[in-house]
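Dumping the structure here so I can ask a few things about it.
By letter and in written order, the chains are A, B, C, D and E; residue numbering begins at 1 in each of them.
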Amino acid sequence: MTESPVLEITDLVKTFGALRASDGVTLDLRSGEVHALIGPNGAGKSTLIHQICGTQKQDSGTIHFAGQDIGRLGVAERARLGLGRTFQVSSLAPEFSALRNVMLAVQARAGSSFRFFRPVMRDRGLIDQARAMLERVGLAGRAKIPAAELSHGERRQLEIAIALALGSKAFLLDEPMAGMGPEGSKRLTGFLDTLRHEAPILLVEHDMDAVFALADRISVLVYGRVIATGTVEEIRRDPAVRTAYLGDHA
Amino acid sequence: MLLEVQDITTFYGSSQALFGVDLSVAEGEVVALMGRNGMGKSTTIKSICNLMPPKSGHIAFAGQATAKLPPHKVARLGLGLVPEGRRCFQNLTVHENLVAAARPGAWTLKRVNDLFPRLDERHAQMARSLSGGEQQMLAIGRALMTNPRLLILDEATEGLAPVIRQDIWRAIRSLKEDGLSILVIDKTLSELLPMADRCVILENGRSVWSGQPQALTSDLQDRYLGI
Amino acid sequence: MILSLALEQLLNGLQLGVMLFLMAAGLTLIFGVMGLINLAHGSLYMVGAFACAVVAAATGSFWLGLAASLVCAAAAGAIVEFLVIRRLYDRDHLDQVLATFALILIFSEGARWLFGSFPLYLDIPPLLSGAVPLPGIEAYPLYRLAIIGVGALVAFGLYLLISKTRLGMRIRAGESDREMIAALGVDIRTLYTVVFALGSALAGLAGALVGALQSVQVGMGEPVLILAFVVIVIGGIGSIKGALVGALIVGLTDTLGRFLLPSLLGLILPASTAGTVGASLAAMLIYIVMALVLAFRPRGLFPAKA
Amino acid sequence: EPIKIGLITTLSGGGAGLGVDTRDGFMLAIKEAGNKDITVITEDDAQKPELAVQIADKMIQSDQVDILTGIVWSNLLMAVAPSANAQGKFYVSTNAAPAALAGAKCNPLYFNAAYQNDNLHEAMGEYANKDYKKIFIMAPNYPAGKDSLTGFKRYYKGELAAEVYTKVGQTDYAAEIAQIRASGADAVFAFLPGGMGISFMKQYAQSGVKTPIMGPGFSFSQDVLPAIGDAALGVKASGQWVKDLDNEANKKFVPAFQKEYGRLPSLYAVQAYDAAQLILSAASKASVKDAKAFGEAMKAADIQSPRGKFKFNTNLHPIQDIYVTEVVKEDGVLTNKTVSKIFTDHGDAYAKDCKM
Amino acid sequence: MTGMALSRENIINLVLALLLLVVPVAASQMGQPFTVTLATRIAVLALAATGLNIALGLGGLVSFGHAVFFGIGGYAAGILASHVFSGEPMMFGFEGSNQMPVIWIFAVIACGLAGLAIGAISLRTSGVYFIMITLAFAQMIYYFAISWPAYGGEDGLSILVRNQFPGINTMLPLSFFLLCYGVLIACIGLFALLRGSRFGAALQAARQNEVRVAAVGISPYGIRLAAFVVSAMMTGLAGALYADLNKFVSPSMLSWHMSGELIVLIILGGTGRLFGPVAGAMLYVIFEFALGGLTERWQFFLGLILLGVVLFARGGLIGLLAGKARHD
């Protein structure tokens, strides 16, 4: 490995009362890869994502992103550095159309939210960029529909479009396949496969078909600890992982 | 028939989501409701529970028309709902979530806790701080606590780890053996199909196909489900 | 002398706190637990006081008046819930603000229409009148001691109701997701009517009890409303414990501030200026405390766990 | 010649009692006069200054009234009267009498038929000199409250146990009562109008403190006495009018008011009654369109006041006698009875600054 | 707002704007100056509410303390004018002013600073806590104003001669109305620009979903604080005009009733709607005036009418006439 990792997490600890949701997690994400993070429910995957994004603060440990220690920065600052995320439960501006949701991300990327006068809806640059993102995730036809009126699956797609629009240097995807139908999952898998060339992906997912199809590396988190990291084949064969997580699905 | 849905149409405000859905679930039957994203599966379920009352068509549960009943009366006829997105009561603890919904019957706190030991471990925790999968378990447990005759699962195993998913399917199988009827939406066809007695497929707000899972050829799957 | 005064002021602060809790108790239920912004809460408080005054005057019995205050306020609450509030649960909080603001106007002018413009007479029942000596304190009004008792009782009862009963869980569940709790077979509509009536009855009870100590007149509910909101917010919305602690903090701050600030300022300012400046500061004090609490604990002292 | 009078007063909300008495007293005089040329337009200010301004504007601009009157509260009066005067309209106050308008800012179009705000407090200060050496004085922390204590201290010569300002609208007085208990004062002077006074008196009666209470007349006026109840018995207060004053006009007025409205009149009713009489008497002598003549006629104060003698000072505020009263129970009804006269022909401290 | 297509809402807005202009002009011709005064009151209240509408309607920040800014604006006018009148200089030897432009600048700056201070602390909280903390600040300042003797305390402060505007005789009701109307329309224009801008998009998104906004890299706090300050300044400007309209300021401009009334105006007209405040103010002032003339029980009937509006006209008057708001 000549290049240094895009995202590097060292010895992260986070406790809730007696519960250690992150118990010394060390993990990295290298450019061009899909690194899948799997593990039983409640293992601490989302908590880890939260800490990387800054919505929760770690008790100890460090987070480096793009060569910078981001462990103390606010959520918005980290996002501006290029951390793009999707939420486990869709989180959108419900009254805004799909298009305006994406436009918000485009303007955020440009860092231009303190422009008070020019009407956004006449801002071709903004609109065109946002539309392109919707097209990429296959939502172009639903551009004018308010987010609240999209179906569950469509909202998941919109989340991805927003992360794309941010021009992120790394993607943190928390269960992007959840709620996607079989067809949707298949399409998204194909899509993520191309996305990795734009920016590496840390993928939390319970859909093993997708994980096995995409992941370059897999880390397994159990009770806040990484019990194994390896290639798809290594993980599939790991007996500890099978009992803790995969069951017969291997 | 325990549940009978005939030709319902449903609107969100002025936009129509269902254009004629037919569906039925017999006593002790497991019916899988399928279709691509946005085809109207969840809307159908909301209509059945009268949360989104249909504009036309007919729904009857256990022989009783539900059209005029408020949602809580419909539920008390014996519907147990696990909604899309879980919708746990965020400001209640796990324990309280379960107790708030309880109605007398075979399903008790103990039995739910046995089914999902994780819920027992977290019984005093606020629902809002549960992990995604834990919330899904809670939503299922909560529906069971109402001791329903028909369990409706919208995205039954969304967000659950494979081992847990297997537990859930096992549980559903045993529920079925106990005689519970189940209407289920789930995307993992490989696990769903072996369970189901019958499948109903929705496309663009219409029920377009219904039959036994064995009859669901890959041709049909390709056409309606995109696989 | 000084010690006795200090003790008495401390007790006064405590008592004011409990009284504030009593006034806030109904609101804790309606606003804190059901999540409904009810500006008309003060009106229900007024209804209780008027009902008590009118019935006590007609029958000569304060206790009958007290019963009437419970009944009338509960009935008024139930009617209001049925006719108005019920249509607003799934609306924006702001619609509730406007509707209950309108209700204040209707209640206040309605009361004046019925009972005239002059304050009504409602006095403390003979059983509880007068003052008794307490350890370290020369004499303390018996009625105020009784209010402490009732307040403590209500606090305990509410705590049990909200935290320990299934009814309480269902109310809270309704606040989190009304549609869902209905879909689980709970008749949340009726439940909310009942809870609203209960909250109103508590407001009415407070109105009657406190009315005997203060003046029973149109508009008496408005200052109470603000105070009650302050109390609940300091404590953390939805928490009975918080409401009680908030009430005690407000009661103590207010009493001790009124008492101590002018004297303290008297050390550096001429007496008359110290009096007015001290009084101005004292009037602002509870709001200063509230702003401080919220600045450092944005969700109150006992936030429902985040 | 027709005269239009705009009566703005508080008819809704907590302070409505005072406004209702004002209106009723005023209308009684109008009715008794039976003068067809006079029309009175009444509107409710809801005790809000901005609303009072709006109504005054309407009455002046749209109804074209000649005279405004009726406001109970100083802060509303300050919002309305100066600007009405500036537009050439008379204002005859039935109650509020802030110091600001009695001194340098006096105005030939501004008459006060009630008193100057300090008067009743001054009277109590003078009265207190007789029996008491150490007094606890208390008022709400707003201009009228400060004027009150200033007025009291202007005449009181003894020692002050304490000077306490309470919060406007305060309803719980436990802390102040404890201070009274500890102060060793031999009397308490409290200016707490409306609901504040009711609350204080009831709580005081329960506290076991026996220090005697006194206050200005409006703290124990007929509109609040029934609500305070027996707790008020024996309280000393001051008034420029008392129900039992022995003069012809009063003997006519009290029963007439009682007959018309079924209750006893209060201070406010009398003040408004006199204001109406003043206007009526001036109207019979001069045209209201001739401001100078009308003002002169009004200043002559050719009326039979239930207070007995009544005349205007140079600043157009009353010169009158002021009495000490005591709360008693007559036929089961609480009311005030005269104890003694404190001031004879009393004016106010600001008149000397008034250059008219 | 794609293009200037005359949507139904735009037509209604136009009608409201014209109505508010034409009626007082006509009334003035017919010698009914009070109608002009009433219209001025509507315009000024609508302006105050438009200010609040930035925070409340766009940002979802339910400030229950906006009377503070209204009052500070009012006192700016009252205090500056009173020093001119009395001839006593203020701090730093400044002599006060009776020129509206100067007063406005003072009012806007003072409210901006107050908004910054109050907003910076209040915005740490949210939801109902925000409502209450803004109320707390308002109450503090209210009690301060009541008992602060220098400028009249509760008695308030009279402005004996209405302040002046270069080239306009403000003593004429119609001229003063036109001045207020002009300011109102300019501020509504500003509101429209803000709403459609990138800033407006971020602000409205933060109302709908704060977490989402932060996750795309926009700090909701900064956006909201800016909105709160602008909102405070606009309401403060209205306060200065209100003081000149009444020729009087007093602490009641700072009271929680006033804050409540501003909120009521907005909801009545339609929250977040461009002309919501105008519609709300028209409705409220006209009801208050008409009912007040009819019956002493007018507040009772006002209550009934308001209740009717909430229950049966969802989204306020504009919502009733123009339907649901849409963000395209």
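General remarks:
Methods note: contacts are C-beta pairs under 8 Å (C-beta built on N, C-alpha and C of every residue); 3 or more make two chains touch, one makes a residue touch a chain.
These numbers were taken from a predicted model, which means no experiment stands behind them.
Common partners of subunit A and subunit E, by the touch rule above, are absent.
Between subunit B and subunit E, the least number of touching-chain steps is 2.
Greatest centre-to-centre distance from subunit A is found for D, with centres as Cα means. Distance from the centre of subunit E peaks at B, each centre being the average of the chain's Cα atoms.
Comparing the chain pairs A-B and C-D, the larger number of C-beta pairs in contact belongs to C-D. With centres defined as mean CA coordinates, subunit E is found 31 Å away from subunit C. Subunit B and subunit C have centres, each the mean of its CA atoms, that are 44 Å apart.
Chain geometry summary: the mean Cα position of subunit D and that of subunit E are 36 Å apart. The multi-chain contact residues of subunit D, meaning those touching 2 or more other chains, are 11-13, 141, 146, 165, 167-168.
Multi-chain contact residues, meaning those touching two or more other chains, do not occur anywhere in subunit A. Among the residues of subunit E, those touching two or more other chains are numbered 143, 146-147, 149, 297, 299. Chains that are in contact with each other form these pairs: A-B, A-E, B-C, C-D, C-E, D-E.
For subunit B in complex with subunit A, the touching residues are 12, 15, 35-38, 42, 84-85, 118, 122, 129-134, 136-137, 155, 158-166, 187, 189, 225-227. Residue ranges of subunit E in contact with subunit D, taken from their complex: 32-35, 37-38, 41, 143, 146-147, 149, 152-156, 158, 160, 173, 242, 246-248, 250, 252-253, 257, 288-289, 292-293, 296-299.
Residue ranges of subunit A in contact with subunit E, taken from their complex: 53, 55, 74-80, 85, 87, 91-97, 99-101, 103-105, 107-109, 111-123, 126, 144, 146, 162, 166. Residues 49, 51, 70-73, 75-76, 79-81, 83, 87, 89-92, 96-97, 99-103, 126, 128-129, 142-143, 146 of subunit B are the ones that touch subunit C when the two sit in their complex.
Those residues of subunit C that touch subunit D in the shared complex are 1-2, 4-5, 8-9, 12-13, 15-16, 19, 108-109, 112, 117-121, 123-124, 129-131, 138-144, 212-220, 223, 255-256, 258-259, 262, 271-272, 275-276, 278-280, 282-283.
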